[in-house]
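As structure tokens, the structure follows; a few thoughts come after it.
Naming follows writing order (A, B, C, D, E and F), and every chain is counted from residue 1.
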Amino acid sequence: MRILVVNPNTTRSMTDKAAEAARAVAGAGTQIMAATSQMGPASIEGHYDGALALPGLLAEIRAGEKAGAQAAVIACFDDTGLDAARALAGIPVLGLCESALVTAGFLAQRFTVVTTLERSRVLLENLTRHYGFGGRAKVRAADIPVLELEDEHSGAIGKLRRQIELALQEDGAEAIVLGCAGMADLAFALQEDYGVPVIDGVSAAVKQAEALIAQRLTTSKRGSYATPLAKVYLGAMAGFAPRDK
Amino acid sequence: MRILVVNPNTTRSMTDKAAEAARAVAGAGTQIMAATSQMGPASIEGHYDGALALPGLLAEIRAGEKAGAQAAVIACFDDTGLDAARALAGIPVLGLCESALVTAGFLAQRFTVVTTLERSRVLLENLTRHYGFGGRAKVRAADIPVLELEDEHSGAIGKLRRQIELALQEDGAEAIVLGCAGMADLAFALQEDYGVPVIDGVSAAVKQAEALIAQRLTTSKRGSYATPLAKVYLGAMAGFAPRDK
Amino acid sequence: MRILVVNPNTTRSMTDKAAEAARAVAGAGTQIMAATSQMGPASIEGHYDGALALPGLLAEIRAGEKAGAQAAVIACFDDTGLDAARALAGIPVLGLCESALVTAGFLAQRFTVVTTLERSRVLLENLTRHYGFGGRAKVRAADIPVLELEDEHSGAIGKLRRQIELALQEDGAEAIVLGCAGMADLAFALQEDYGVPVIDGVSAAVKQAEALIAQRLTTSKRGSYATPLAKVYLGAMAGFAPRDK
Amino acid sequence: MRILVVNPNTTRSMTDKAAEAARAVAGAGTQIMAATSQMGPASIEGHYDGALALPGLLAEIRAGEKAGAQAAVIACFDDTGLDAARALAGIPVLGLCESALVTAGFLAQRFTVVTTLERSRVLLENLTRHYGFGGRAKVRAADIPVLELEDEHSGAIGKLRRQIELALQEDGAEAIVLGCAGMADLAFALQEDYGVPVIDGVSAAVKQAEALIAQRLTTSKRGSYATPLAKVYLGAMAGFAPRDK
Amino acid sequence: MRILVVNPNTTRSMTDKAAEAARAVAGAGTQIMAATSQMGPASIEGHYDGALALPGLLAEIRAGEKAGAQAAVIACFDDTGLDAARALAGIPVLGLCESALVTAGFLAQRFTVVTTLERSRVLLENLTRHYGFGGRAKVRAADIPVLELEDEHSGAIGKLRRQIELALQEDGAEAIVLGCAGMADLAFALQEDYGVPVIDGVSAAVKQAEALIAQRLTTSKRGSYATPLAKVYLGAMAGFAPRDK
Amino acid sequence: MRILVVNPNTTRSMTDKAAEAARAVAGAGTQIMAATSQMGPASIEGHYDGALALPGLLAEIRAGEKAGAQAAVIACFDDTGLDAARALAGIPVLGLCESALVTAGFLAQRFTVVTTLERSRVLLENLTRHYGFGGRAKVRAADIPVLELEDEHSGAIGKLRRQIELALQEDGAEAIVLGCAGMADLAFALQEDYGVPVIDGVSAAVKQAEALIAQRLTTSKRGSYATPLAKVYLGAMAGFAPRDK
């Protein structure tokens, strides 16, 4: 199996971390194809960054499918561009948030997502509701700029631990979901320390990708995710115009 | 008052129609500034078109605010890019779907949105839920490609009328919401014919824009819509990078 | 435009305050017609007062429409009698709570309503759910009897500020809604002080009334708000009996 | 036990029918005190009638409590004035809709309420949601003016049967709730005919009243239903003013 | 009337306590038939105990119906086996949780369930949502093993009181529901002490049973609770096989 | 990896079919351990069969874990005993319904579950809501007794196809979920015929089991699924008593 992992921001070190997490859980026969967006923000913090990350993300999805990927993972916990990528691609596309929430749902009745910045908290609350976990998942922000996760001296991990502890004490959390692709390397150690399941979205999404490929399932092209209709796109977006088949 | 109406697709005739609808309802002292996206799809039909319309849309929002607009309306019923625009702009930003739903909500307990293509139906159902109207609003698709609304010989209006009639008979609709900016010119005639309120999103959004300006209210910059953090954007998106103030 | 603002309690100073707030935001061509209920409670604090305020309220709505009002605003945050008034009147009728919530919804993802007494808190929570804002709006009571808002030495404003501060700290509120018509004069100063949008229901409702008039929209008479059927009313209510047209 | 059954409309024959239904199910030691509103509409059809029925209803609740009633039933399926009556009275107050829904909920997972007029359908849908049965109960209107239920030649029963049959065929209804106090005499025969539980609200509410009395439970006076605060009421409502204890 | 009260655990002292509570509220003509499960756990604490209590519970329901019971109450607050018992029996079957929640719902808008162990808290939260009280009821666990309620020196009552006090202070509870059959003897004293309604599930369910019998209502056999189809059961469960009628 | 697939009914041919489906999608290194319940019903059709299947199911889960299984799948679409099994086992436990719904959720916005008998339809509707798919998934019953799926001449497949066609035409289904373990062999052919994803629960659950093992995740023992407390179990259930560790 060949699974594409796209980092929709332009920071290569985050791509590397996601690819490493992906390879750590992938099956013996799975090849992880890692790609970094070539245009857009260096990190995705809030709605504006998310919107401008889309062209770069969709370009990588399209290129990866052409290069033989059988499924794609968007390595951002906001599930940026997930619906658009599903409409575009003939292969299944997985998001980190959706994958992590359903994984947590198999293990616990109540859990907490710990994310980076306050500006992403409500965005993720809305996502958890959209995915049907509104009554089961709480969301906490640890006040960590995304790129501080790349710097081991930033104090970011201490802030993250503090929110996990509050989730266990105050939220009645039975499991923890790490709400940023940049936390992928921390899941197993935190799970050992706190004695509850700690779910990383990259790992969860890669296993869902394998599961779909093995079941010969792909995105429905009936209704919501129908193939984009051929039409003219102008200006800097001209290259993205869908063509007739 | 100066209100920007941005058409997030690149079809100028749709901009003209939206501007005309806007001017028809605007207050005496309101100036409508109409803008057409310079990059992206010729019409927005589904998630993929919507994603690639974002850079062009956000560029016009930014330019319009700089040119003195006091509020902005995104003239697409999918509310494409609404959250990102609210984060970007210092002025309030209105979407057609949200504005039309709340307007209908003042007039009727149950109503039906009639949109263009099946691929947009579930997208709008999800929006109605997000805005809190899940239990009150149904969504119907009339099987009309968006640009056929620009051609009076396309039969589009007949299809639209058919769905309105079904909404009244089968959904118990007490009002009708027109689910595409390209239907803005039809609202009043349909209201006369069917004897129930028929709401056009462009008109609704322009009046909401005026209402917010008059109340000296603008988007909260606390939490979800905080001003984008300064950072590097690469490639074709470099020009969109937020700067420190 | 002529917009009726009805105070459904019998305290004239509250009518004056509401009328002042209405005039401060109304368009140049809008005339505010203020009316005070002639029968019922001096303030509306809970379900019982609300029920007995209805005849006086509906009498003023009927009189106002006959006197040429093109829309009516019920100047009580409980939206007392809103459904009955919509059934009665041929003109659109706006409530403060509904108008303020949708206004806040354009500016913020999460917000808090601060109202007067604990007995109104759950009533307003139920209203926020009915209007579809259950997942977005919290409600706090400041322990202020309504008429203390008319007395600047009562300490009421200090209690109100305390709850706003708690909303910002504990609720993650991105905006504040003032949950009583008697707070209409405070909104702008509080907005300046706290740096988040502060929404007053009277102002919001007046602008919605103008918006509906400009769009030539009025309450649907199909279904929920159908014109009352002609029938006999007995006793003190005899004068309210609907007549055949 | 003494249970007050108040008909909030002024039609005595409906009071008699409700009292008969109440006595048919009441326990051996229960005395049914029937009262008819002395002011207000002859039938309650929609929001406007419901609003103007409140003073007459509340007067009877107050008088009944003074006369020794230990619980009160409001014999209208709209649960008109239920919250206000609970705030007013020291004794528990039951509504037909709430009582019938919870009774149906003990017997069936899914059921349908059949009511009179289309204008009451959405009102009852909203009530079913408010009481937590939104996902379990459907509402159908049989197009019967309320007072036609008092006339055996009106064809009303045929229309009612037609909707019950549709509920069984199309809604998957496992039980039927009769959505008008004026249908109280029909429940048992319809149950025999259709072989599913058919619930009458008057009967259900009377048994709930007995249940609460036996458990020595009454309305909480903490929060939502706190005793009305003493204050001045003006005009025709002066007699309803709450007094200090 | 003859009402069966089944204790689905095997601890006779809890059966005695439930029977006593039942008799304290039952009508003059009601006979309480108490039964204790003969196989399964000594107390039901969490999902596993609940699952293994089912055969013993269902055996008692079947035997009780054969012995002439006209309704059955399952004396466990988890409503263990309620759906299965309803499918099995021709008589109505009541659960404590459902009965107590609807009883509280007649008395208060918001209330709190206080249960025993943390492992039952989310289970009861899910039940409150299933019954439609998700927005009205909170659940607290007092950290009391069920059988400690049988020992007056265990300190259990102090822990229970502590949670009631927190419910009043922090949850805005207007009433309290006791979330364990083993608390049935405490309700009235706690109600006196705290001045809010305190609902015991055994009492509530017995009165609901009487109410259904008086209304000649029983479980619908259409759909969800259809009579089990005749089939072979193997092994230790062979005796439970449904037979053709 | 060693994954236990337990058929909670006693029909060996259904176990074989489930095991075959499991092996068809399992990874190269995965061993499927199939087990058939030794006590309980020959098929699970409704709540009563489901309740009596629990001891046999839990016995196989316990035996399978002892025999070295690293995860368990309960091969019944009702997710019978899932919560109890999760509390019991130290290994993760998957249900068919939950696994299939989340799988469908990655591929489609709206989908329909087609199950066997009407008595299971509402049960599955309630499950879809519990798992957060209430707004996305419809449920249809094909009127097929479970064991007819084992007989190719029963006409069962025709009935199933008929409901799939109605789901596509009337529900706007973008994908189909097969709502019975006995349909596991049909998924791929139906997917080919109808051109939309067709999800089989056994396949979906096996892949979820592999995914959890690969991520070193297991059921949280904090809160809802805490290890059963040691206590006495009486009678035929004595062997199930939890012991102290």
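Annotations
Please note the rule applied: a contact is a pair of C-beta atoms (placed from the backbone, for glycine too) under 8 Å apart; a residue touches a chain by one contact, two chains touch by 3 or more.
Quantities reported herein were computed from a predicted structural model and do not represent experimental measurements.
Any chain touching chain B that also touches chain D appears here: C, F.
Here the chain-to-chain distance from chain C to chain F, counted in touching steps, is 2. Set against the C-alpha centre of chain D, every other chain centre is closer than that of A. Put simply, the chain farthest from chain F by mean CA position is C.
Each chain gets a centre from the mean of its Cα atoms; for chain B and chain C, those two points are 28 Å apart. Of all residues in chain C, those that touch two or more other chains are 109-110, 118, 121-122, 126, 134-135, 172, 174, 223-225. Contacting chain pairs in the structure are A-B, A-C, A-E, A-F, B-C, B-D, B-F, C-D, C-E, D-E, D-F, E-F. Considering their complex, residues 109-110, 135, 172, 174 of chain F touch chain B. For chain B in complex with chain A, the residues that touch the partner chain are 10, 37-43, 45-52, 54-56, 58, 81, 83-84, 86-88, 118-119, 121-123, 126, 130, 145, 223-226, 228-229, 231-238, 240-242. Across the complex, chain B meets chain F through its residues 118, 121-122, 126, 129, 134.
Touching chain A in their complex are the following residues of chain F: 25, 27-29, 92, 94, 98, 102-103, 105-111, 131-136, 168, 172-175, 188, 191, 195-197, 199-200, 203-204, 207-208, 210-212, 214-220, 222-225.
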